[in-house]
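Letters A, B, C and D name the chains as they come in the text, with residue numbers starting at 1 for each one.
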Amino acid sequence: MSVDIQGLSIAIGGVSIVGDVDVHIASHSRVGLIGASGSGKSMIARAMMGLLPTAATLTGSIRYEGDEIVGMDDRALADLRGRYVSMVFQNPGSVLNPVLTVMQQVMLPLALHFNLSTEQRRARATAMLAKVGLNESFGNRLPHQLSGGQQQRVGIATALVGAPKLILADEPTTALDSITQRQIVRLLVSLVDEAGASMLFITHDFSVLAHATENCYVLDSGRVIESGTTRGLLDHPRTPQARQLVHAARKLTLRADSGEDDDVVDHEADAEPSTFETPDSDVVRASPDASAQPATTVRKER
Amino acid sequence: MRFLLRRLALFVAALAVISILIFMALRVLPGDVASVMAGTDSPPERVAALRSQLGLNKPLIGQYLDWSWALLHGDFGVSTLTGRTISAQVGARVTVTFPLIVMGLLVAVVIGIPLGCASTLAKSGRVRAFLHALAIVGGSIPALWGGSLLILLFGRGIGLVGLFPSQGFPQEGWAAFSRALASLVLPALSVGIIVGSGLMRYTHAALGELLSSGTIDMAMACGMTRTRAVLTVGLRLAMPQLVSVIGLTFAEMITGVMVIENLFNIPGLGQGLISDLGNRDLIAVQGELFMLAAFFLVIGLVVDLLHRALDPRLNDFAERTR
Amino acid sequence: MKGNAEFSNDGLQGAAVDSVPMVRADHVSKRFSRSVDGRQALCDVSLQIKRGESVAIIGGSGSGKSTLVRILLGLETADSGVVEFRGKPVRDKRSPGWRALRRESGLVLQNPFTSLDPRWSVARSVAEPLRVIGIRGHTAVAAAVESALRQVGLEAGRFMTRYPIDLSGGQAQRAAIARAIVAGPALLVADEPMSAIDVAARLQILEAFTALRSARPDMALIMVSHDLGVVRRIAERIIVLHEGCIVESGSTAAILEHPQHAYTQRLIEAASL
Amino acid sequence: MTILHSIWARAQGRYALTVISLWIFTALVSSLWTPHSLWATDGYNVWAAPSADHWLGTDGTGADVFSWLMAGSGTNLLIVILTVSVSAVIGLLLIAAMVSGAVMLSGVTVVAVDALISIPTVLIALILAVPLGASIAVIVIACGLGYGLNLARVARPQALLAARSDYVKAAGAAGISPLRVLLTHIVPNAMPTMSVQLSLSAGTAVLAESGLTYMGIGVPSGVPSWGHSLATSVKFINVYPLTVLWPGLIVTAVVVALNLFGDALREAADPVANPALRQVRQRQARPEPAQPRQERS
């Protein structure tokens, strides 16, 4: 699904949060939206989902495959949400419904948009949970009984079960530790590509963006200040704010080789992720890219 | 499970504490119970007879044990004034007070919860402000005044629009069902409106909190409209709080009921208790107070357990309380 | 289970044996308070940290690193094993070394927005530890607060009277660091100080810590994190914790160049751009 | 002063402040002067309609209704102040127990509060009325106990949140004593909820006074109070409906004012919610440090 955002401005109580933003997402493409906290990036995603707080005022246009959604009433927007556009949230722990089991949560969008028998819904939800690496035993668990990574997998499963054409990932990895972060990004990318959907990935961390998106927009206090391919931006950021974000990302991460960091990034391909059985989170399916390294499972003898 | 046992144990302990409190309250009277009950100028032998009849000359502990043992068998003793057993006397009054409380609660829930939701969900700020103001004013009217206004408006005989009886309760009680019910309408309304506005404010607060939580956003992201998300997911999550609020409202309601029963001259527990207290029929008062206290402790227990059952996190949390 | 004593003292033999180590833990173990499968939060952990040394404790969520830190600070009691601060045990409130540890240690927590009392001004929060070391005079307190704020790069005049709600993530965390160092501690512990703030602010915090390292060479630093990239510039030594056990430990360069354990390799892979 | 200023800024706050200050003013004046002496009864002028001489008319005994209501305001003010302080003390003690480290103490207190809270205040009042008879003490103790329990229950989430927060952990790690942590961190952070609850309880205390006095276990018969005026006028409602209006109006107006004052107080007294409070404390803080300012970061 292609998305065209033109002249989007959002204000809450007279204070402008987002000012005249233009964003284009081609179908089957993964686009990043990066900016420091408070730059208004989450607000843009919420506007695309019709989840803006009631006090917010919105101008400009957001078109999905040419259909304008700004000005649509909540009922029409609700039919879109979960069916054509869905969202993965930042803190799954505080967003997942505490009284619904994992299975009930994942089946919710199906119940709202498709008239399937309970078995069909259950089967489709179970298949989706398997895809995100959660086996049967997780079905009747409650959110507070899951780890952060597992909660986010349920969030992703719920977002993707209705086979939407556009996924909005609002800082899906910020609340997770580094290893789980990489797993979740890899999982999202593989599932989005597999479903042929497009994705808007929102974060403040370039190192996460580098793995998740092909091109991206840089946001600073509500304005798009730069855009281009993610790799291009990483190598030659033009505006000072983008440069600062890249600089910070470089300083706070390791090079692929752990020699002293220099400003030029060497381009050898990332080490292919392999399958590791990690006790504190579940088995990660090797991503479908061709050259998967042989699975080397190394466990320290106890 | 562990929590259930602890809660039951405490329920019994609270019951014991209350019974001791009530028992002591009567015994700490200036002067002696028997002489007070017999009346100031009654001859000494009447007082002595009363004393032995009530077993007052036994040590305090003995008296308390006799009383509590009788309580366990549901025997609340005999009223010295009317000669009837207290449990019979109270039984008759309960058949009036309980329906009144239930009708009052119905009115409160019908007013409180929908208006509470509306005051959170309403699109226009003005409607929200008006409903909020309504809740505050509604909650600030003294039961006494509310009742009298209703009498002035709707009371038969004096009210502008004589719809409902403004006094009394049919002698034959519920046999004359329609008249009995009609006579409870105004009292139930006056209790219900006041308690309803309290409920409305609690619902508003509980829902308001929920609106800001992400769970509503998640439900909307799955495909629900905002209103549907709030009314289904929101209310379900607010349920534990609402249940404990309704429990609390039930307890608050008894104050209103006691006042309203006296205002409308309804022969219920409230009016009975006040008159027994007035004519110093202390044994009756002692029994009635205990029964009321036990009734409300049971309500508290039920509400607490319901609260735990409705919120999975709580009973899980209770299992692994850090 | 191989005793991992040899992990704790490799690379130390060469260093001149300092007086008593600043922090010492010996075979510390701790079970989860209600662990279902008997899994241990910490299994037989031993380590030593010298005066002025900067050590990073790395591990994913659930690796027990925060529990370890709380035990080292005497804020939690281990099921078994010994923990000492300057040679004196600090098992719990009654242990001889506990009071000294309180006075001479500073703690920085993960989320800047919850680690400052929202109803206290920055100056009052930063000044709080001074009471314990007996600095009560108004001018003395103000001077100490100002110098602490300056050390973390916050301009005293502007920030002292601000409230947490008016601060950005980076500023709030730096104020929390100022609070931790205002009483001149011998040991500073930072429990994942950068994971709750965005990347740009993280850099400011990193700079604040590096400035502190040079300004106070004899203050020992324990930095807990799940991100190797963050600690690389701060720690001289890295201890890798996985499922409650030290799986690898050594100098930063050694760990980054030749990671032995698979888990360390995955941590490195997770932290590379 | 800034707190009052911020309350005054809002319409609700203005109404609340005017009514409450009027109430306090009348209470003080009434202790010195009332238009007519309370005991000046006039057999011929019974149930008179409002007139120049008797602004609100006279009651069953010919005494001036307005003077009784004025005098009543003093009693009610006393009852409210006593009840709120008793419930504040009980509430704080319970909260201290509930957030205390000792699991036994906090566990038992939590469950005890949940159990005892279901006992309505009127029942406690009735139990107390047996030995004490009708007296202000009955109202104050019964309401104080009941609202203290309620205060502890309502403020418990905030207090627990604060007790388990990072800033309390940091204070503990710095060696601050648990008592000092309670008084300087936990109570102030529970204060916004408590201030609302206390002003709600003040309102409910006024309502309770009118109920209990009507039932004969509140204010003794000779003592003037709004409840007393309401109770006497209600008895003759079918004959003189007008007289019931005044006491009811006053009580409702005052209780509304107390509720609004609570809501306004929560925003005004809380530096987190009230930016004006933060600016003021900045001006009061030490003047700018003298030494040259160098921007470092």
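Convention: contacts are C-beta pairs under 8 Å (C-beta built on N, C-alpha and C of every residue); 3 or more make two chains touch, one makes a residue touch a chain.
Just so it is clear, the model here is predicted, and its values are computed rather than measured.
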item	value
Number of steps on the shortest touching-chain route linking chain A and chain C	1
Innermost chain, where centres are averages of C-alpha coordinates	D
Between chain D and chain C, distance of the C-alpha-averaged centres to the nearest whole Å	47
Rounded Å distance, chain A centre to chain B centre (Cα mean)	52
Distance from the mean Cα position of chain D to that of chain B, given in whole angstrom	23
Inter-chain centre distance, chain B versus chain C - centres from mean C-alpha coordinates, in Å	55
Multi-chain contact sites of chain C, meaning residues that touch two or more partners	none
Residues within chain B bordering two or more other chains	none
Residue ranges of chain A touching chain C (in the complex, touch as defined)	36-38, 147-149, 176-182, 204-207, 210, 234, 244-245, 247-256, 258, 265, 270-271, 273, 276, 278-280, 296, 298-300, 302
Complex contact set, residues of chain B against chain D	6-7, 10-11, 14, 18, 21-22, 25-26, 28-30, 136-137, 139-145, 148-149, 151-152, 157-158, 247-248, 251-252, 254-256, 258-259, 262-263, 270, 273-274, 277-278, 282, 285, 289, 292-293, 296-297, 299-301, 303-304, 321
Residues of chain C touching chain A in the complex	1, 60-63, 168-169, 194-195, 197-203, 206, 226-230, 232-233, 242-243, 247, 256-257, 261-263, 266-273
Chain B contact footprint on chain D (complex, rising order)	103, 107-108, 111-112, 114-123, 126-131, 150, 203, 206-208, 210-211, 214-217, 227, 230-231, 234, 237-238, 241, 244, 247-248, 251-252, 255-256, 259-260
Touch list for chain C against partner chain D, complex	73, 75, 99, 102-103, 105-107, 109-111, 114-121, 123, 125, 128-129, 131-132, 142, 146, 150, 153-157, 160-163, 165-166, 176, 179-180, 183, 204
